[in-house]
Amino acid sequence: MKKILRDYKSGKVSLEEVLQKIKILPYEDLGFAKIDTHRQLRKGCSETIFCKGKTINQVIEIIKQMVKNNTNVLATKADKKIFNRVKKIFPKAQYNELAKTIIIKNQKVKKKKGKILILTAGTSDIPVAEEASVTAEMMGNDVEKVYDVGVAGIHRLFDIKDKIVSSNVIIVVAGMEGALASIVGGLTSKPVIAVPTSVGYGASFKGVAPLLTMLNCCAEGVVVVNIDNGFGAGYFASLINR
Amino acid sequence: MKKILRDYKSGKVSLEEVLQKIKILPYEDLGFAKIDTHRQLRKGCSETIFCKGKTINQVIEIIKQMVKNNTNVLATKADKKIFNRVKKIFPKAQYNELAKTIIIKNQKVKKKKGKILILTAGTSDIPVAEEASVTAEMMGNDVEKVYDVGVAGIHRLFDIKDKIVSSNVIIVVAGMEGALASIVGGLTSKPVIAVPTSVGYGASFKGVAPLLTMLNCCAEGVVVVNIDNGFGAGYFASLINR
Amino acid sequence: MKKILRDYKSGKVSLEEVLQKIKILPYEDLGFAKIDTHRQLRKGCSETIFCKGKTINQVIEIIKQMVKNNTNVLATKADKKIFNRVKKIFPKAQYNELAKTIIIKNQKVKKKKGKILILTAGTSDIPVAEEASVTAEMMGNDVEKVYDVGVAGIHRLFDIKDKIVSSNVIIVVAGMEGALASIVGGLTSKPVIAVPTSVGYGASFKGVAPLLTMLNCCAEGVVVVNIDNGFGAGYFASLINR
Amino acid sequence: MKKILRDYKSGKVSLEEVLQKIKILPYEDLGFAKIDTHRQLRKGCSETIFCKGKTINQVIEIIKQMVKNNTNVLATKADKKIFNRVKKIFPKAQYNELAKTIIIKNQKVKKKKGKILILTAGTSDIPVAEEASVTAEMMGNDVEKVYDVGVAGIHRLFDIKDKIVSSNVIIVVAGMEGALASIVGGLTSKPVIAVPTSVGYGASFKGVAPLLTMLNCCAEGVVVVNIDNGFGAGYFASLINR
Amino acid sequence: MKKILRDYKSGKVSLEEVLQKIKILPYEDLGFAKIDTHRQLRKGCSETIFCKGKTINQVIEIIKQMVKNNTNVLATKADKKIFNRVKKIFPKAQYNELAKTIIIKNQKVKKKKGKILILTAGTSDIPVAEEASVTAEMMGNDVEKVYDVGVAGIHRLFDIKDKIVSSNVIIVVAGMEGALASIVGGLTSKPVIAVPTSVGYGASFKGVAPLLTMLNCCAEGVVVVNIDNGFGAGYFASLINR
Amino acid sequence: MKKILRDYKSGKVSLEEVLQKIKILPYEDLGFAKIDTHRQLRKGCSETIFCKGKTINQVIEIIKQMVKNNTNVLATKADKKIFNRVKKIFPKAQYNELAKTIIIKNQKVKKKKGKILILTAGTSDIPVAEEASVTAEMMGNDVEKVYDVGVAGIHRLFDIKDKIVSSNVIIVVAGMEGALASIVGGLTSKPVIAVPTSVGYGASFKGVAPLLTMLNCCAEGVVVVNIDNGFGAGYFASLINR
Amino acid sequence: MKKILRDYKSGKVSLEEVLQKIKILPYEDLGFAKIDTHRQLRKGCSETIFCKGKTINQVIEIIKQMVKNNTNVLATKADKKIFNRVKKIFPKAQYNELAKTIIIKNQKVKKKKGKILILTAGTSDIPVAEEASVTAEMMGNDVEKVYDVGVAGIHRLFDIKDKIVSSNVIIVVAGMEGALASIVGGLTSKPVIAVPTSVGYGASFKGVAPLLTMLNCCAEGVVVVNIDNGFGAGYFASLINR
Amino acid sequence: MKKILRDYKSGKVSLEEVLQKIKILPYEDLGFAKIDTHRQLRKGCSETIFCKGKTINQVIEIIKQMVKNNTNVLATKADKKIFNRVKKIFPKAQYNELAKTIIIKNQKVKKKKGKILILTAGTSDIPVAEEASVTAEMMGNDVEKVYDVGVAGIHRLFDIKDKIVSSNVIIVVAGMEGALASIVGGLTSKPVIAVPTSVGYGASFKGVAPLLTMLNCCAEGVVVVNIDNGFGAGYFASLINR
């Protein structure tokens, strides 16, 4: 921006050209908060591609553009078929089969100091936890994962109290009744991000049961993201990780 | 029954009279399980009057008939107005203002050996717990109550582990997210009866949230009754208390 | 505990060591009810593996660990493909195709005295009933099964009144409108565990209709578990079977 | 119609007048089934006024017009306040306090031969049953009512089997779990009209539970009307009563 | 019964034997309406097999038993695969591919006089209408079908007013918004049975939209059956067809 | 903008000042459509005050500001109590008791040529229709209202076909099953705005039933607004009225 | 009509014949708006075939009849398989793979002056937008499409303000949270037709989330059609495009 | 702890006394994270009393105990009646009538550096925003509030971009369609806590609409708390405010 204005002053560009520039200028230059986001993103996490509902070609086109800009790529809810196509074109692409994420690292990301702890209630919640983990790691976070510490065997949770104490942010991923978020929320003063999963059957209604559980959490310090939204949890955790 | 048949054989009653008797005979005599229920009820818990939706006069008429039969009376969801009317006619009537129950004791009930433990997650769940308590006590059970041990301060729950160990059946009453049932279910091998309450606001949807939580409980040994159904929990607890 | 403290007093261990010991002390040593649960489980029913949402490899790893500990294995919601893999590794594994359960018996289980009666409303409810049956039998219960006694032909139910009278606990499995639980609850003073199933179509909403029916059951002595949760019903029935 | 055309031919009325007549002719004359309805209504049941959401003045204006036409009046969901106003103007008006119906009989209605049997599961369902009863009686039907025969004490239902056999149509009014409709449907080959009521609490969701129960009824010969729609049931019962 | 008692009096049977007899007496002897139902069914419509959720072998076993008893067979929700297997064993079996019904006629059914009219709102509702049609025809009814007369072109409906006038019962099958039932109900004084279908998308919620429409129908004389329940509508229509 | 840049070039303002200016530039200067909206509103309809959830003082403060600006005032969902307070301060205020609207006319509004026709299915839908009517009239539209032409007596609707033909836009207000929108949509090529109302009971679920009906409307040319949103319908009708 | 009556007067036709004529007179002759609709349709948009739920043969039969009448054909929700069959018979048929629409143009459609702008929030919403686009173009509208301008990057929306200003009607297609409709509604005084899509996962509940968002839109001038109903939006947009 | 052990070693206390001490030792001493919470709470925010469902006496008893411990008191969802009683006993009690909060400040709270920005979409959302504000201020946060910046007039939001840039955490409170959270989430890289409110009518379903909107938010960095849960949002915001 400064350069444009200096060029204008020095006569290199005309008034009309400056006006035109300002018009097409990315809004970031106009001072929208979006700028920070972009900068943050550029440093922390690249644009994310939500693959569901997009054709493989659309996904590839978006990746191409991002790779051209040398940004890091994170694609979520990407099934194997998409990855196979992507891999052929971008050999650096890496796939996390559980998380169904594709990443292409083109830039180094600055490491954050604090640790993010990701807990799951059961084994079946792992895919969503992995999506959160991949996302947070892409954004420069140190992630620790402890899986299968659900409330049916609450002593397993107490065994990891040191990890709880030593982390900055906690992500709790749980399906079925989702009570783990309440327990963890009651045990710690750290911010807890609760992710309901569609794991379960019958009256879990594809994640509605844990979603409601988590929204009604009587322990303070617990917030909620969409069902199966591991990405959203990982992203938010990174935002508030110091 | 035997007497009728013997009287018939000895000629005291005619064939027609016997046939008629069999027809009007309470179904219990025909061997329906209902008989046991009746007998059980007579010994354990009297017929219960669900007051909601009944006029005061209807409630009083039912009580009159029960008192005439000398059975114990338990009326639930009875507001103060009903009680005041009942009290005038049946001075022995007792009211539990929190539980909104009226009881009239006309017979002694045989005491059961085992103890029923009733827990609530919060203070606001107490009315439903009291309904369960009144019901179970009417049926001859020894009831212990510990209120406000919700998961937001889980150490309060651990403080009462002795009570958990020493009871036969546990009733967990919880609104909001209802996670207490899962925790208790995970801590004990005793049968747990979970009662969701309509306590809470917003996405608790008048008890739907804890209901779903409890139905999806990943700890074994937990069953569920209707929202705010303290009576049902107390009754079932008595059935399985040894 | 006493020993540690005595050792400390006698100077065998330092203050720091004692403090450390108290910190890492297994929670069981603090007397949590969980211990009893474990012991109970070891005698009654082995750990259960809920297969849905787990990869085949995860299931096999869990079984391996359990077999190493010589415990009995019960895996639910296991489709044929899982069983085929399991069977190759654990030739003792048995499959109940209707129930979709895998069991591996490594220990003898002590038989209980009382009988558990399992009823279904229709033929399509049998898979869930079989899951309940397999579970209860694994825990040492004598199980009797009567299928297809739904309310559309209520005389079929009355034909089995002897079985109802002679059992300790009754499990009622019903889809569609789920009214069978109410009828059985009205006929008997035995505890009834109602299992709604996702059998039906249209306004049964995959089990919501019978779930609501059963929760609103106006007969006393009926509790409810999750839709299609045969395992939970069988487990609870075993807990309260004398 | 014939008269108009003959008058036109004979010159008594002009072409324009005939065209005008045809235009404003009640659609009944064009042969729509609606005519029969009107005639049927005139003989069987007068127009019905659904009071809820109408101002008292609106209700009174409608009644005035009907009384002027000498038709019978049936107003439903009418609270006492409305009746008091109506009574002052139409002294012949009669109120059924339970049913919340107002009727004014201006014409004799032809009696039907068959009998309609109205059953309720509980005492609290009576208001809806009374609305059905008032409606059916207004339309010339012989109505028999048996209240409080719910499935919790199914023997009460068997005591009335003669009434079931001797009636033409059966209306079953039930709240809570609504299972009575299924039982009655299973016991009889008579058409059964099921009316769910909003009686109950918690997971009855103001009538949703019995509504779903009744829609999923596995007994044949059962149809359903809206929650608390006693009028609709009484009306339909009259239509099919012979 | 009389004989038993006389034998007892004359000493042929002991007191214990009489008591035992009374206990096991078939309920039919007590005169339950169920008997009449059976007789009615034998004359009108054979037992119906709901195929969904049953294995092919279960379906075939049930058919075998029915054929042995020489009753007519109606199987609903039967896909082609089931039919192919059935056809091999019972060559007389007929399949209605749209209705997904299998019928085997072993007895002649007495024809009823009145006509049942079946209307659908759209082309996609035809399968459910065909199920109703097959059912009603199996029970001896004369069925007339008019498809695709939905409210978007209401004149099509008026074109068939003669058919409406000449029928005894009308079945309206409609998905999407289900308004056809209201229109037909407003046009005729004949009993209307409304069948919501799961046809539609988005906010039709698999039939919930037309179900609610039909339940709230402001025209009198309309009752409702479950979503896609063509069988239930056809059966009920036959019951009330004169 | 040009001025700023020229000042910068001429040295009147520094580089930093230009950058700052660009940052805070009001968006209106960028020509967003919002401006047009404001102008449109000034000519057509004044700002609207949704009273529900606002304190009386808040409502009055907003009105004061509007009156100071000499704009017309429309307040919706305003109960009598609010109006009484408003009337004291603004004697020109007018109240429509059915619509629960307050209007204060400070400017003349230009009349539109086309006519908006507002239909209701029943008498109870009138309040919502009146809200639509008041709104449309405030915006300069000629409004014609025909109430109580629901589908239960469809001939009433045909009687007003001339009004349908002569109007530009049609608003259909209907509760219960909401079928009127479908019928009108099928009869006309005019744009139809459907307004579901919370009129009804039971399975109308406070307007959900007609909302779904209208969303699934199989007649083309029908759009929907929120339950009871007469204002929204009147506003949109005015937008598309020519 | 006049002719018939004159013929009758002059004796050419009998009284019975006149009566018969009046009965069968096409409703169009009575002046129903439906006629206009037909004419409008013939000029603007041909009949539309909703393929879902129809067999391929049914679709082809309908197309045949339409082609015979020389009208334009629009078939929606048509998968590739249907198109392939149609293409063989009607070589002029064109397929929009994203929109899943088949069109056959047999007549020229008169062009409208105004422009319809179609916006989508994301890439995955494009299929529904394309359905709207194809529909509007078939009806003679000039359509402009801008995809992927969702609220996550709101500056993209501001870049197209010129397009917003220069269009007559705006269709907003959005899944997930559907907030785009509110933003656009707040920015413009043009009528906005909001189309929720089933794009998303978890708590989007297949389009329920954006549907509710759009119905509750606090910006005036926004109406809603069914989830994924691109056709309905395109059709309505054409109706109100000048 | 160390002191106890040293006293034991030195013989001041017996072995039994030490064992007893360890048993009753607050769990905090065992190293549970709960300790930190308590300490944090003591410094930041006192225990919170959720008044709904509690009797006035219960509220007062809790306050008494807290005041005795000299902690700060925050009571939420407290209506005026409760405050009046509290005020008499605790003259220092302050009431926020909009927020319905009671606070009693007994200790100074350490101020945090960062600012929390609270936005509401409309005037009716203010009570929930005030609850968040009171909570955050009690915990030592600098709170800035900007009300009524909903998406219907999105320029109002852009006017406050400086406030957005200068705050650390943003709380967005919105009812109706709740789109504001998406917009703010799209504009900023700051963590956004979205609070749906029950403001609205019809299809807002008491807050379900904005809840779903916010859960499906396509902008990253947005998390959600329960409907109307201003307290939870304020508390979480304080946790992550630096």
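Think of it as A, B, C, D, E, F, G and H in the order they're written, each chain with its own count starting at 1.
In this text, a residue touches a chain if its C-beta (ideal position, glycine included) is under 8 Å from a C-beta of that chain, and two chains touch if they have at least 3 such contacts.
The shown structure was predicted, so the numbers you read here are calculated from the model rather than taken from an experiment.
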item: Chains contacting each of subunit E and subunit F, listed by label; value: D, G
item: Numbering shared by both copies at the subunit G-subunit A contact, with half separating same from different; value: different
item: Chain located farthest away, centre of subunit H as origin (C-alpha); value: E
item: Counterpart interface for D-G, drawn from E-F, E-G or C-H and sharing over half of its contact pairs; value: C-H
item: Where subunit F and subunit G are represented by their mean Cα positions, the distance between them in whole Å; value: 24
item: Euclidean distance of C-alpha centroids - subunit C vs subunit F, Å; value: 58
item: Whole-Å gap between the CA centroids of subunit B and subunit G; value: 58
item: Residue numbers of subunit H (touch at least two other chains); value: 31-32, 34, 122, 153-154, 186-187, 202-204, 208, 211, 215-217, 220, 226-227
item: All touching chain pairs, where touch follows the definition stated at the start; value: A-B, A-C, A-F, A-G, A-H, B-C, B-D, B-E, B-H, C-D, C-E, C-H, D-E, D-F, D-G, E-F, E-G, F-G, F-H, G-H
item: Touch list for subunit D against partner subunit C, complex; value: 121-122, 150-154, 176-179, 182-183, 185-187, 200, 202-205, 208-210, 212-220
item: Residue ranges of subunit F touching subunit D (in the complex, touch as defined); value: 122-125, 153-155, 158, 175, 199, 201-204
item: Touching residues (chain side subunit H, partner subunit C) in the complex; value: 1-2, 5-6, 8-9, 15, 18-19, 22, 30-31
item: Footprint of subunit H on subunit A - complex, ascending; value: 31-34, 36-37, 39-41, 48, 158, 161, 164-165, 186-191, 193, 211, 215-217, 220-227, 231-232, 235-236, 239-240, 242
item: Residues of subunit G that touch subunit E when the two form their complex; value: 26-28, 32, 34, 50, 52-54, 58, 77, 196, 198, 206-208, 211, 226-229
